[in-house]
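Here come two complexes built around subunit A, the first alongside subunit B, the second alongside subunit C.
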Partner chain A sequence: MATDELNQRIQQRFPDRGITVEPFEGLAGRVLFPPAAALELFRFLRDDRSFHHLSFVAGVDWKSEREVVYALWSDTERDYLLLSTRVDASDPHLESATSVWPSANWHEREAWEMVGIRFDHHPDLRHLLMPDGYEFHPLLRSFKLHEPEELEVKVRHV
Partner chain B sequence: MSAPSASVSAPAPSPSASGTPSSAALEPAVPFIEIEGLRTEQFIPAAKEALSSLIAEQAQGKLIRPVFNWAGRNSLFPLHWGLACCAIEFASAFGARFDAERFGIVPRSSPRQCDLLIVNGTVTWKVAHKLITLYEQMPEPKWVIAMGNCATGGGPFRTAYSVVPGVDKLVPVDIYIAGCPPRPEALLDGILKLEELIRERGE
Partner chain C sequence: MSEMWINMGPQHPMTHGLWNLRVRIEGEIILDADPEMGYLHRGIEKISEDRHYNEIITLMDRTCYVAGIAWEHLYIQAAEQALHVTPPERAEYIRVLTEEMQRLASHIMWYAAFVQDLGLMSPFLYGMRDRDLLLDIFQSFTGGRLTYEYMRVGGVRNDLPPGTTAQVRQTMDWLMDRFVEYDRLCLGSDIFRRRCDDIGVLKANDCVTYGVTGPMLRAAGVARDLRKDRPYAVYDQLEFDVARADSADVTGRYLVRLQEMRQSVRILRQVVDWLDGHPGPVMAEHVPRWLGAPYAPIGREGYLVKRSYPKGLGFSAIEEPHGEAAAYVVNEGGEHPYRVKFRSPVFVNLSAVKKYLVGYRVADIPPILGSVDVCVGEVDR
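Our next item is the complex of A and B:
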């Protein structure tokens, strides 16, 4: 699918929302969007552009900002599309994609757990890979490798 | 060879048998009671005394503890619980080639049937409380072997955010086996060392 065509459709649908589409090697393209446009853009891509499948959601720490990357797959276009948005690191939060793609559930839990991005209106935002009560976001750049003695993890015994 | 029919006869502790050192712990503790010719009213106090001395011996563990110890240490049942790459060596130790069943070591699938927990791999914080639960579900007496560098001290993941740096933070460990992974021979050696330890402790 032509990246240009997608860009045109998006600009028609969302004029002046700060959404840009850039080509991406081997994929349908990469869409950069502001966090405020998230849900509308998700619904548009799912309902009008047939991106029915969300492959993954990942969080990236860029120190002053945190990036959230989504990968979508379309069965009719047979192509991947990357979405990317950046939120401020002082209060990193974003609308959850679970209402559009239920598969976002666990991926967003992981992104919250690892780089501390909160997903608003997520149905069940709790730890995925770490035990309940774990107090760190270990994939942040500010998280140092610990000497084992320094890492206090409470093991809740049930 | 007909014993007097009315006598509860057990061999008296014979001083001559003290030549072998190991027999001291296993000396027959049943006292010799001569009840031949006792009248009924004398029989009951005699039997009572004999029984209470038996119970006292048992309370000190002299009577059957050595037997239990011998039986227990020669039939260690480890929990069938594979955690990480070390579990492959663990499995291999029970396969045809190394055949740990030679030593009476049979992996069981329920902690209720086990007296040995072999922690064979990386323990993450997420699985830590499950390990404690499994350990507590095992009946006493029980022992723990930390197999491999991960279980011993976190191994290559010692500074990682998700790995318990040594299972001795969670449960008491009796034997540590080094290696990444230890070979099945090392595991068998560790288990034999544990058997020796159990004999020394006399649990």
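Our next item is the complex of A and C:
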């Protein structure tokens, strides 16, 4: 499936919603969308574009913002599609994808406990890999494994 | 009789690792199931943020300890895309060779453990014996039997020593005869069929809804295999069929894995023929030398050289022995990846456990979860 064609369909269906499709080497593309359009876009991709399989949901910490990445697979297109959205780090929350793809359940639980993104209307948002009551979100950049070494050297860019 | 919750695990022979399956039962019938994961969580994605690209390969072997090199292959493809490196063709063939041998070793290990769950002791010993032959080949060119650290960004660490291809051919001939024995021991056994037929059923539409992939999905009649549907490395140049069955039960998963092993032998025979006729480099030129270096090089005047590299995103997906595995690598130009994400197939297959356990009896749990082929290392990461 050509990225351009997907872009055209999305612009037709969601005009002026701030959704853009950019090419991604080896994949059907990468869709950047605002969090408010999440569920509508998910339903459109599942029902009209046959992306029935959700491969994973990943959270990425960009300090002031947090990114949620979705990877979808379509059996008819035989291709992957990446979705990416950014939420503000002061109150990171996003609509859960479980109503569209039930397989998002554990992925979102993991993204919540690792990166601290809350998924609204998730059926069972509790700890998965960490013990109950664990207070930290280990995959945040502010969670350091060790103090950085202090090197007394001048840095030259090459 | 009243209902109760029981814990199967974290230390139970059924779990094949460390995790806890809580089941609600009434008498012998399972009413609900709730897996508790995290006993083997090592934070591999977090540790990766503090490591150079080639140092993460060590972690990949430990992600899944029965399919280490398949995970190396997965990670290395995503890292190469993020770093804009292309490996030479011979390296791609060697990677396919290792991945298929790993698939055989993993499936044989699964066979051995699965039949032991059913109480059959001798197939376990046969399986371990045959897997050892594959580990011997691995040892001859990687030096490791379980954790290989063999792949590098841009290729593989070293070429195959002379004699490896002949050893592979010999082992494949031996294994093809053993698969006949495996089938005779299991499918020919009335006890095996009574314990495995029509239990743990997960139909195709449920598999798709819950994201279940791999042999479980193919046993439900869906011939999805990323090696065929989205050929990576050199799989588009190799001939093989996608194994599938229609019964969607434990026996179906057994049939799929046995068929898959025969297809792996078929692939391996083609790969060693190609490798014999096409010598060449196994490492790409112009791979930045610092990629594997644990310390920053010191510049001419004693300055610490600031490393910079074009930014990039990497995505890769492979058909790992357990199902669809995917990796996502964010390269922000530094010496370490900014973020690494791995999708484990067993993680998702286990999240649907309620769907294929409820309604069966407690005694059915070991064969059903045996047929899932649980590897807790890759679930918890």
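Note that in this section the second predicted complex is superposed on the first by the 145 of 158 C-alpha atoms of A that agree within 3 Å, B and C clash if a C-alpha of one lies under 4 Å from a C-alpha of the other, contacts with A are read in each partner's own complex, and residues count from 1 in each chain.
Quick note on the criterion: contacts are C-beta pairs under 8 Å (C-beta built on N, C-alpha and C of every residue); 3 or more make two chains touch, one makes a residue touch a chain.
Since this is a predicted model, take the numbers as computed values, not measurements.
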Which of subunit B and subunit C A:Val69 touches, first, second, both or neither: second
Subunit A: partner with more touched residues, subunit B or subunit C: C
First (subunit B), second (subunit C), both or neither touched by A:Pro102: second
Partner chain in contact with A:Leu129 - subunit B first, subunit C second, else both or neither: both
Subunit B versus subunit C as contact partner of A:Pro138, first or second or both or neither: both
Partner chain in contact with A:Glu22 - subunit B first, subunit C second, else both or neither: neither
Contacts of A:Asp47 with subunit B and subunit C, given as first, second, both or neither: neither
Touched partner set for A:Arg78, first subunit B, second subunit C, both or neither: second
Common interface positions of subunit A, toward subunit B and toward subunit C: 129-131, 138, 143, 145-146, 151, 153, 155-158
Interfacial residue positions of subunit C with respect to subunit A in the complex: 37-38, 41, 43, 45-47, 50, 81, 208-211, 213, 222, 224, 229-230, 299, 301-306, 308, 313, 315, 317, 324, 326, 328, 330, 338-339, 341, 343, 347-348, 351-352, 380-381
Contact footprint of subunit B on subunit A as seen in their complex: 129-131, 134, 136, 138, 143, 145-148, 151, 153, 155-158
Complex interface listing, subunit A residues touching subunit C: 24-27, 30, 52-56, 58, 60-61, 69, 71, 73, 75, 78-80, 82, 101-103, 105-107, 114, 127-131, 138-139, 143, 145-146, 151, 153-158
Residues of subunit B that touch subunit A when the two form their complex: 125-126, 128-129, 132-133, 154, 158-162, 165-166, 170
